[in-house]
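Quick one: this structure, given as structure tokens, is what I'll be asking you about.
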Amino acid sequence: MGSIKQIPVVEAKRTNPLARVFDDLVRFCRSRSLFILHYCTGCGAIELPPAMTSRFDMERLGIQPMVSPRQADILLITGYVSIKTLKRVILTYEQMGSPKYVIGICSCTVNGGMYWQSYATAKKLDEYMPVDLYIAGCMPRPEAVIAGLQQLMDKIHSGEASSWEDYYRNYDYYLGNQQKLFGEDWQTPTDVISEAKHYDLLSEGTLGDHTRLLEQHQKPLEALEMRLGHEQEEPAK
Amino acid sequence: MRPENYEAQRQPPSNEFELNFGPNHPGIEGNYALKVKLHGDVVLEAQADGGYLHRGFEKLMEQRLWIQNIALVPRICVPDPSPMELCYSMAVEQLCGLHVPQRANWIRVMQLELSRIAAHLFTFGGHAATTGMYSTMYWGVADRDLVLDLFEEFTGGRVYSIYNIPGGVRRELPSGFLQRVSETLDYIESRLPDYDNLFFKNQVFVKRAKDVGVMTQEQALAWGVTGPNLRATGLAFDVRRDDPYLIYDQLEFEIPTEESGDAWARTLVRRHELMESIRIVRQVVEALPDIHGPIRAPIPNPLAWNVPAGETYTRVESSKGELCYYVVSDGGPKPYRVHVRGPSSMHAVQVLEKLSVGSRIEDIAQTMFSLDACPPEVDR
Amino acid sequence: MSATELLIELILMPLVAFVVGMMMVLMMRRIAAKLQRRIGPPFFQPLYDIVKLHSKKTQVSHGLIHDIGIVMAMGGYIAAETLLPVPGMNGIAEKGGIITLLYLMMIPSLGLALGVGQCANPNGSIGIARALTAMLAYDIPLVIVVFGVAYAAGTTNLIDIIAVQQAGGFETWGATQMPLLAIAGLIAMHASLGKQPFEIYIAPAEIATGPMVEMGGKYLGGLFVMQCFQLYTTSVLYVCLFLGGGTNWFDFLLKSFLVLAIPMSIAYLFPRYRTEDLLRLMWKWPVMLGLIGVAFVFV
Amino acid sequence: MSKEITHWLDDLLAEIEGIVVRRKSSRRVRVDVPADALPALLELLQGRAGYIHLSAISCVDWIKEDEFELVYHVWSYESHSLVSAHIRIAREPGVYLSVYDLYQPAAFFERDIHEMYGIHFEGSPNMEKFILTEWDGPPPMRKEFDSEAYINEHLSWQNYNPEWLQELVAEGGGVIIPPEEQRFSQKKK
Amino acid sequence: MMLTLLDELLLFSGATLLVALFIGRGLAAGWMVTILYGGQLLALLKMAVLGYEGGTIASSLTLEVMGQALSWRFDALSWFFALITIGSALLSSWFSCGAWERSYIRQGGNIWLFHTAMALNVFTMLILLASGDLLSLFIGWELVSWAGFLLMALAGGVAARAAMRYITYAMAGGMAIFGGLALIYTASGSLQLEAVTTAVEQMSGAKLWLLVILFGGGFGVKMGLMPFHLWQAPAYAETPGPGSAFLGAISSRMGLFAILLVLVKLFGIVKIESLKVPFTLIDARDLLAWIAVFTIILPTFTAMKQNDARHLLAWHGIGQGGYMLLGVVVADAMGGAGGLLHVFNHATYQAALFMAVTAVIYRTGTSDLNKLGGLVVRMPLSFVVLLIGIIGLAGLPPMNGFVSKWLVYRSLLNQGMPLLFLAAVIGTLGTILSVYKLIHNIFLGQLRVEHEHVSEAPWSMMIPMLILSAIIFITGLMPGIPLEWIASVLQTVGLPVPDYTLGGVESSSGSLDMIWVIGVLFAGFGVGALVFYSAGRSKRVHQLDNYAGGHFLSADVRYQYSDNFYAGLMHLIGGWYRGSFLWLERGITSLVEFLSLGMQGLYRRANAEFYLLTTALFVIAWVVI
């Protein structure tokens, strides 16, 4: 089992006091406006409607559900993830926009929970994607979910919730675990390595044996860039 | 096995297109998927895709002690877990020949019916949300929470109570509990006119839900439809009355039916059933103080409990339909085989596929929610 | 008016619209919360959302047109605000008039349509098809209403229309003079906001929020900004046409918020229609009311 | 259920050769038939006795006898009774006939049994995988499939060992499980 | 003999025809013809600059036939239409040179015939536009009909059948006009314009009615007015690429020219307004206006159902004609200006749209809207042209279509015509819906894997498209330029002239200044862009990296939503198509086709050369007479 070294978060050097105020404002707004992805991966999802609706009302904290991964900030893994679901969860996670946060709800996301014997569920979520926060329990009550979210809000405000960077910095590790489970030809449509370059998060953990394996097996899905060229010889029949 | 193909060089020249409903889609109940092929907005072909919630319960149960499985079974159907516990407990009791005390049976009925109330509130809240009416959902889920509070009080768990065990129920009711039950029921009953005005009598909703996902009684019987969905086609069949278990034959309740067999009828049947469940719980609340005695039959040391060899098939009416367990024992400390037949295994797969074809995009979600399909029951 | 004054007005008008629009979004969410028996978002929630979305690190784009679509969606409304007179500021309202304004208000949705089109997501395309159909539905009564008002005032210039209404106080308001048109206009306005029962193009359970499906980060943020402008523009236009504009800011804002509160209070009590039911409704009642109203104007 | 119906059903069932009828309770009847007689039995039950609802098809893997047991539970809405028809088929090759033409719900159950046990039903409309579409191991419900071994090979499982427990153990408390009783062994990397 | 400026123009045009006819088989022929069109345009501009101040320029050629003097002359009206004709011919011809020409030949097309037919069309149109009396008008009319037929029938097969249908309609229209001429001739004894004007003054109501119906119907056939519009869409759509751009831009506007000349200029709108329809409240002008709005609405909504890009555009061509007629018959200052401005605007964007679609066909081989998609990343310039074109067609700011439609709306508002106003707006909304379908299904959405290697259209095609786009935008920004020409046209036909500025029109009841509107719009875009681009940098992703309910997308599956695009709308109005509308179409078709059954035998079994021969014979015959 590989262990992840905690890479210290490198704060951009900003000497301008105004810039620091601006950064603080941005972090504050990020912590006060959290969109949860509407994806019921497991049975813990049954406690989300109570947490969202009239009784516990998440919206008073600025938290609301969103439909597609592009819109969302938080991926709530509500309980066990079967291997089939895990593929979709990873796809969804990679499609989400950074900064993104993963919360593992229920004991099953920690260590497999009561399904430790099951051939169909993945046991440890943080092998496949970085997790910001676990909310243990089977299943955690809405109060616990909200308390967890508040903790996440504090972490975001203080700038500690940066696990999404970890995914890019240690992509090779995560990809290795994914390949072990899903087979060597595993590929998501998102090109994580080029994204890591895009965010300037390429580190020694990003590339490795597993990413080389990926490059062997994958069909690259590069963005369809706009092309102005006229050099096509044959017009189609 | 890769679910996708990026290597293709050609695409089919047809005018149809594919749309994936789920697993991450608000129009799908839980973690489930429906692949539809559409022309315009009319569904030509629908293919259910399950297994996202597969945990291999049946395999897991073969690997655990009889008593341990009590903790597993409620997780098979998340919105309505109590019938699962009961059905399994009944199977073990039948295999062991355990005689359950009368008081336990009455408490079980109360638990089951409270669970049915919670599940129905949740279901039509969900149905309302698919048509864009979030207020009903917000109200429904919040009112359901009051029932969950009751559960928490007498079982210790909000959702998964693990209260029914082979031989009876786990513990006695707290003092003054029945009073609180009737207060909650009064409150829910007083809310029903609001729901009627907001939702069931809302002309826009009626217009949306009528003639959606229609099935006739013949179709429903041929497709193996059970529960409220079958009753919505006009057949008054209820396992509680026609294959009675516990003490249902001593209770008075009606079996509401509707004739039209569409999404509207199905949801309306649930709403009437809610009333009947309240009625049943009221009867239990009235009768329970006079029924004394133990709440649990004595069982051997659960950690060394060898259930006699045999097989049994138990049936229970869950909020979604006919729920059955086929349990086989080889005389060992663990079940030899447990087969769970959830009602949704029919509704969410074949029935949903068949009803979706020819319907429109906007009605797929309604069809699914009005069938009250519960994916974890399908996937197990 | 000097060029500097005009320039200041042109800058101020969209800015005011944005701030007021955010408060309108807040009001909308608070009304929803009250009807759903909960507390609702904090006061600055719309601002938090917009700042957060614009400060996201990942901005996923499906191509240049996707970007341009959002720019058009925001820019169209920013331009439209300068044609919409508010107390003390007329901007360039007399250069365009109401027909131009109505057309400018279509630019954002068409920009959005282009942007969504490039996302190559069938949900988005269906959403746009539905949104355009909804536009066909509510624009017809809206146009009748606008025709009636403009004909009654004898001009398409919004400043003059407001002046005509303010001439005699409450009695000369459009709503008192032309009540039928005012009702038709309210229904059309409700539909143009795209809230239940007319929310056919977001429809999360059907097409997964339609046009918004591939929008994240600043793209979604742009749509949030657009929503602020949309609420503001719609309600202020209604105030200008029927409630005599505003003599001062208090009066003006009070009217705009009240006007917007009506559809918002209705919206959360209804499910959404099907597309054809929406069309049928919009082409039947408001059109009929509008035509009778116009007939009264002619008489 | 009245006596007449019981007799009537018994008479009817007697038409099938090799049938063993056991009445378990007033509403439960167990019948055992040879595998080749099942279609005739079900046709009889559905066509002439009103057992039109196929409640479930259960499969049991009797690995010691090298047999699969298939149980067809059918219910009658008229006489309110349930007949469970048990048959046994050989584990190899594990092929049986589909009853889809009699009972449409059979399609789901047969598909399920196919992917969980590997039994092929001839004539079933869809024998493709449904739940385990992305699974390439053996049919998991077979008794010879050892899911613990599979997990040890493919997944790493985390023992719950929080700090407070470590402290407790360091102080001499806690429960120590001897190695021979540890069912789950972590692979060392 | 002194050559007048008109003679020069006609000679240039004739020379173009001859060049096309005799050396049209060479590969450089396209370029030569294009240059000659340029020459024609220069001659036309020279006419505007030199000898021409509101009056007329006569041709030095006059003929005497059966006691009738045939004369040709140009006035502002003719000049305006001639400008559009020659301009669109120049750009279409330019478009056809080079790459398109080669691919056309490779696919077995006859490029010589194409160039000849184009040149012939231009030449005959100029003759028609120059007609100085009703007889020369009629001659020109017939010539144009036959020349158009030639161009339409070029592609053979479906196109030939569509052209057949066209010529039957055109002949029927010709008969009607001929009937009208006979009526006038019996009344006035002359076909000179002045004589006709005086004769019309004294005509009885019934006779005038008959004349309006005969002329309106006859000219309306060419213009594609309801209910005589059925021939137009397939005929234009099936014409080879640049030809359809040319025909779509101007051909059917000849009908409007004739209506303007005869009904507006000779008869006068006041005269027409005095003709009451018995037992109703409406008069002949209202009747024409209602025909115009039905011509707007029904073809526009038919266009929405088309699944072929060229058919979609051709149907819109019919619909837009309705706006022109509507503006002209409303006949106040703004309406007249709007209607005429729309002629110009329509020509620009329609040509651009047909060219863009032709460019797509050139690269992908299809114009089926269900077989395309996502091409914006491969053909961005064509996308821009199509986008500008559809914004113009839909009549949205900042393109020129907005100005003309705004004028038409304003005139309807001023005149207090709510129903016509509403109908015009419904047409516009329908246009927006269907053009979005066009651009979505071709350029947006999912790029098919087969089209991943497609590239942009060659420059020989791009340049005319870009020029047209520039014209669309510039005349949208500064509508004062075309309005200046239109002002003199309005004077010529006797309609009031609006108070125009460079940026739009001034009016006490609400004015329009496009420079401001567009300025503010672009400033708004600028601010929007500032907000947008000041946020983080975008990361482009592949189209398969997309939300699909959390599922993986595959390259071998089609996700493009294209067919039955407005399914929700069609659930409501789809039945109306199948019902009354189609029934009406069928009824008229069968009626008209039954009436012209006899004529069809003549044209049925023939090839293109045969048509050319017949057309040429007709030309000679007319000239000799």
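As written, the chains take the letters A, B, C, D and E, and residue 1 is the first residue of each chain.
Going forward, contacts are C-beta pairs under 8 Å (C-beta built on N, C-alpha and C of every residue); 3 or more make two chains touch, one makes a residue touch a chain.
Computed from a predicted structure; not experimentally measured.
Both chain A and chain C are touched by B, E. Measuring from the average of all protein CA coordinates, the nearest chain centre is that of C. Separating the CA-averaged centres of chain A and chain E is a span of 55 Å.
Chain E has its Cα centroid 64 Å from the Cα centroid of chain B.
Taking each chain's centre as the mean of its C-alpha atoms, chain C lies 35 Å from chain E. The geometric centre of chain A is 38 Å away from that of chain D, both derived from CA atoms.
Residues of chain D in contact with at least two other chains: 132-136, 140, 145, 147-148.
Listed for chain C are residues 36-38, 55-60, 63-64, 122-123, 126, 204, 208, 213-214, 217, 274-275, each touching two or more other chains.
For chain E, the set of residues touching two or more other chains reads 374, 376-377, 380, 447, 537, 539-541, 543-544, 546-553, 559-561, 565, 567-568. Chain pairs that touch, as defined above: A-B, A-C, A-D, A-E, B-C, B-D, B-E, C-E.
Remark: chain B residues 1-4, 6-7, 23-26, 30-31, 51-56, 59-60, 63-64, 71-72, 75, 78-79, 122, 125, 137-139, 141-142, 144-145, 148, 158-160, 376, 379 touch chain A in the complex. Put simply, chain A touches chain B in their complex at residues 37-43, 45-47, 49-50, 52-55, 67-69, 80, 82, 84-85, 87-88, 92, 114-115, 117-121, 138-139, 141, 183, 185-187, 189, 219, 221. Chain B makes touch with chain C in their complex at residues 17-19, 25-27, 41, 128-135, 138-139, 142, 198, 202, 204-205, 207-208, 360-362, 364-365.
Of all residues in chain B, only 1, 3, 48-51, 54, 56, 58-59, 63, 221-224, 226, 235, 237, 242-243, 311-313, 315, 322, 324, 326, 328, 336-337, 339, 341, 345-346, 349-350, 378-379 touch chain D in the complex they form.
Those residues of chain B lying in contact with chain E across their complex are 3-25, 28, 33, 35, 38-42, 360.
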